[in-house]
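Take a look at the structures below.
Okay, so chain A shows up in both of these, paired with chain B first and chain C after.
Now for the complex of A and B:
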């Protein structure tokens, strides 16, 4: 172990953390507005990866250019899921029911993917996937850099949308007080559908980068959703900024653990961080609302 | 669906005013008779159906009756959705694998003596896990239990000295023939299931059970009224873990080996929750009904549609139908129906 290995682990953690932040931002935004936990977010990332994969293999479209197709497609899928399964949930035990409903949606998506693509492991391939940028003695894979840049751009766009547009105001009003927002004339159904669509659209981009940096099959969604859930709780449920910090923090800790201790224990540390933080801060790092009192 | 809460409220009011037709002695007697008949059927089952393929499905069904009741005992009554019960299932499985290997036990009925001990071990594991997870509430609690589940699964891979990692562990092979093999495990699963139901029933009727329900309805108010919420929640959590651990131990002995992905299975976490939801959350019979319907169906779907994707799609679609049309579960919906019928007859 030496200093440059450690620095490389931190850089890798930050770069991959950016992509996880994007996926987690969608999840935490959905929770903040709708008070539901979208268990399907993990398998939707994998669906996004398969969409990019298919466009590239069958139509020869570069994965990054393909996002102009996959992002709107995932947005529409998200709107459809919200309309079809979330909106109709009974109001009593809504959060608990949403976990089961979105899990069922996840199972159906996993089944469809298994049916179409089989359980074989795939990966997205392009010139920037296996080439690295040699800088300051580090080899940084281009895909990590491009993926990070993409995440920053999209998170910036999300920020502008949520904080600078009329629909964004409605979304934030609904996050702060759902009933109050309804009373001042905000169409909560429309806001919910858009929010779920945006949360899903984030998985298209996240899935493309995930698919290029990992091998995946329809089963990969479970590992992803558990990590995403840890990130959003670590950051404080409903806090987008918290999710960003938590994603980078958790992935840096995972990568540093691999260098300092052993790669075997790096995933365990990822989850252990949450347990340690919750020991001292049951609301997560940036929990704005008193989660304990919910 | 829209009038379901109103219906429920109406039903609650009737219970309060003592006019609930379901509380009539005749109905209660009928309920008890159904329970006795069901138990007799369960005992007689392996004598009628001797095909190992059938008794294997029956064994798994009973195992899930126990596991779903155990889940309901904590989550159904307290309203805290725990999605990490596989932690205790796996703990029970690894405990019995370790103890039989260390003591060099030979296969046979004697091994079943260690099943309750495995349950106690799982209960012991549940004390720190529950203490930690129950510091949080509602949604955060759900996620914390999922995180703890993954920590345990990873530990099962990494703690080579205890679990032998991904190579797994072998349990002693029982000396029974293929024709009778399932029957011993069926009997063991039946005993565990009966213990689970009896515990669930006893808790539901006790002062302790009422405290749990009070926590479900309004935790802060329950605390204000003098319920020691932390202690009550943890006790129920540990009780559920005890039963789940026993289920895991029987499962491990049945398979004859333990591997991390089978002992700590994410699907298990959700299956028990789905069973309790399907049957009716927070009722004694709900998880039983849910497991009796769902486990055979799931096994049948897997056998019928060898294409893994198709059985997943059907299972998920069924799941969505249940949530959409029976959000309260089968047992409470039947109760509403029965109440209406009895009231009409009384008029």
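Now for the complex of A and C:
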């Protein structure tokens, strides 16, 4: 192990972490507003990957340009899921019931994907997937650079939307006090549908980059969801900034551990950090109180 | 309670116990199916999950065999029907599946799942019911060290898969022999032993190990491992992989312009069109993989199987995964053994499998006391111009192309 190897691990962790932040941001936003845990988020990332794959293979549309189609499509799918499954959950035990409901959604999506695409492994290909930017002795793959830039742009846009628009105010009000927001005239159903739609739309972008950097099949979402849940817990449930910081932190810790020590200990080290953080900050790095103070 | 009533109760209890005992005797001799109608064969396959690429190829192989055997009149004059259930690549589920197939569905025969780890997880359950467990993808050493006498792997014992490759490198003149090697493997009983044996041969020949890592099979971020191999600047790379991880490694090597002189993977490059689609056709040249079967293998029945595959699934012969042949061979061996016995008695079937020699599309099969196929032979395959070309070692350990191929092995591997 040398210094450049360590530096490369940090760079890889930051770049990959940005992509995971994109996937986790939707999950944390949905929890913050709706107080539900969307177990289907991982499978929806894979659905996003399949949409990009389909546009590229069958219509020749570049995966990044294809986001202009897949993001609205995933938004509409999210709105439909909220209307069809989430809105109907009883207010009492809503969080617990949401786990079952969204798990059912995940199984349905996985089944449909298997029916349409089979369980074969696929990957998204484009000129920037195999090429790198050679700078200061490092080869930085364009797909990771573009993916990180996309994550920064989309997370920034999401932040502006939540903190600088009227709908965003409604969303934040719902995050702070769902009942109170309803009392002051905010249409909670509309806010919930928009939030779930945004959370799903984020998976289109995350899924595209994930699909270009990994092989995937309909089952791949289950590998993702456990990692995404851990990221949002570390970042603080409901915090978009927390998701970004936690995702980058998680991937840097894992990559550096793999280089310094062994890949076997990567996850262990990350969970050790998670436990330590939760011991001192039970709400995560940017938990609910911190969010409300923003 | 009156004496009469007590006597009735006692008799009922004794009768029940006797019936349970009889049932137990039935199940311990194996073969819970009926004696008429189709022969039911229970199979658990990884139709989803980490092993799904291989599991689906296995399904194709089993179904092609069933179609072929039914077209030729079946086994013992009875048609065969496959009862395939999904284990989602889970060691827990695969054990449950076989338990249900045998004890609830009462299948007549069972065929093995995909992978060493799932064979290991289910073999104990199958042994408990006295069934013969013929399988095609459980070739890791751990399957054969459990003291079971009813497991039969029709394919190559995998521990020696990379020996031909390692001996080829070791036999090179010192001036052209690679000086360093990098090893990375999943923590899996199929992959890890292969690298361990190859590393021993190479180190003995003076090929220095500059990177050696084992990673958990649930790893999804292969970046640090690839970076480690790249930073070590190894001359040759040996990876213990399946399709997802070998794809990730090749992508990372391409992105970082790392060109080892030789690169071999335990599995993944043998996945035909799926491998090409995932890494890109222009990145396959020179990649190597060990295996037992190739589409033009002159083994009896192979040409017919390849033709049947192409008729059903289309594509080219190069698209056919070696898994298809492994599964097909399971059916062939079982059918020959059952036919030799003349019945479906599992005890007789196990005995026949231990003593017989069988013909398969992969070549001949005969089993030692642990169930390993002692007739199997490992070819080394290399991707050359979009085709997977088989090579076998000659007396000098040099890898020679297997006829009808004539092109020599590509070494060093060309740049990406």
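Some observations on this one:
Definition applied: the second predicted complex is superposed on the first by the 278 of 294 C-alpha atoms of A that agree within 3 Å, B and C clash if a C-alpha of one lies under 4 Å from a C-alpha of the other, contacts with A are read in each partner's own complex, and residues count from 1 in each chain.
Everything below uses one rule, namely that contacts are C-beta pairs under 8 Å (C-beta built on N, C-alpha and C of every residue); 3 or more make two chains touch, one makes a residue touch a chain.
Because the structure is a prediction, the values reported are computed rather than measured.
With chain A as the common reference, chain B cannot sit beside chain C without a clash. Look at A:8: by the touch rule set out above, it reaches chain C but stays clear of chain B. Of the two partner chains, chain C is the only one touched by A:132; chain B is not. By the document's definition of touching, both partners, chain B and chain C, reach A:119. Shared-chain residue A:90: touches chain B; no touch with chain C. In the superposition on chain A, contact is made by A:108 with chain B only, not with chain C. After overlaying the two complexes on the shared chain, residue contacts for A:263 are found with chain C alone; chain B is out of touch. Which of chain B and chain C touches more residues of chain A: that partner is B. Residue overlap on chain A between its contacts with chain B in one complex and with chain C in the other: 110, 114, 119, 218, 264, 267. Listing the residues of chain C that touch chain A in their complex gives 47-50, 52-53, 55-56, 88, 187, 213-216, 218-221, 223-225, 227-228, 231, 243-244, 247-248, 251-252, 254-257, 274, 277-278, 280, 283, 416. Residues of chain B that touch chain A in their complex: 1, 4-5, 8, 79, 81, 83, 132, 135-140, 142-144, 146-148, 150-151, 154-155, 157-158, 220, 266, 270, 273-274, 277, 281, 307-317, 319-320, 323-324, 327-328. Contact residues of chain A toward chain C in the complex are 1-2, 4-5, 8-9, 12, 16, 110, 114, 118-123, 125, 129-132, 134, 139, 141, 143, 213-215, 217-219, 223-224, 227, 251, 254-255, 258-259, 262-264, 266-267. By the touch criterion stated above, chain A contacts chain B in their complex at residues 31, 35, 37, 85, 88-93, 95-97, 99-101, 103-108, 110-116, 119, 218, 222, 226, 229-230, 232-233, 237, 264-265, 267-268, 271-272, 274-275, 278-279, 282-284, 291-294.
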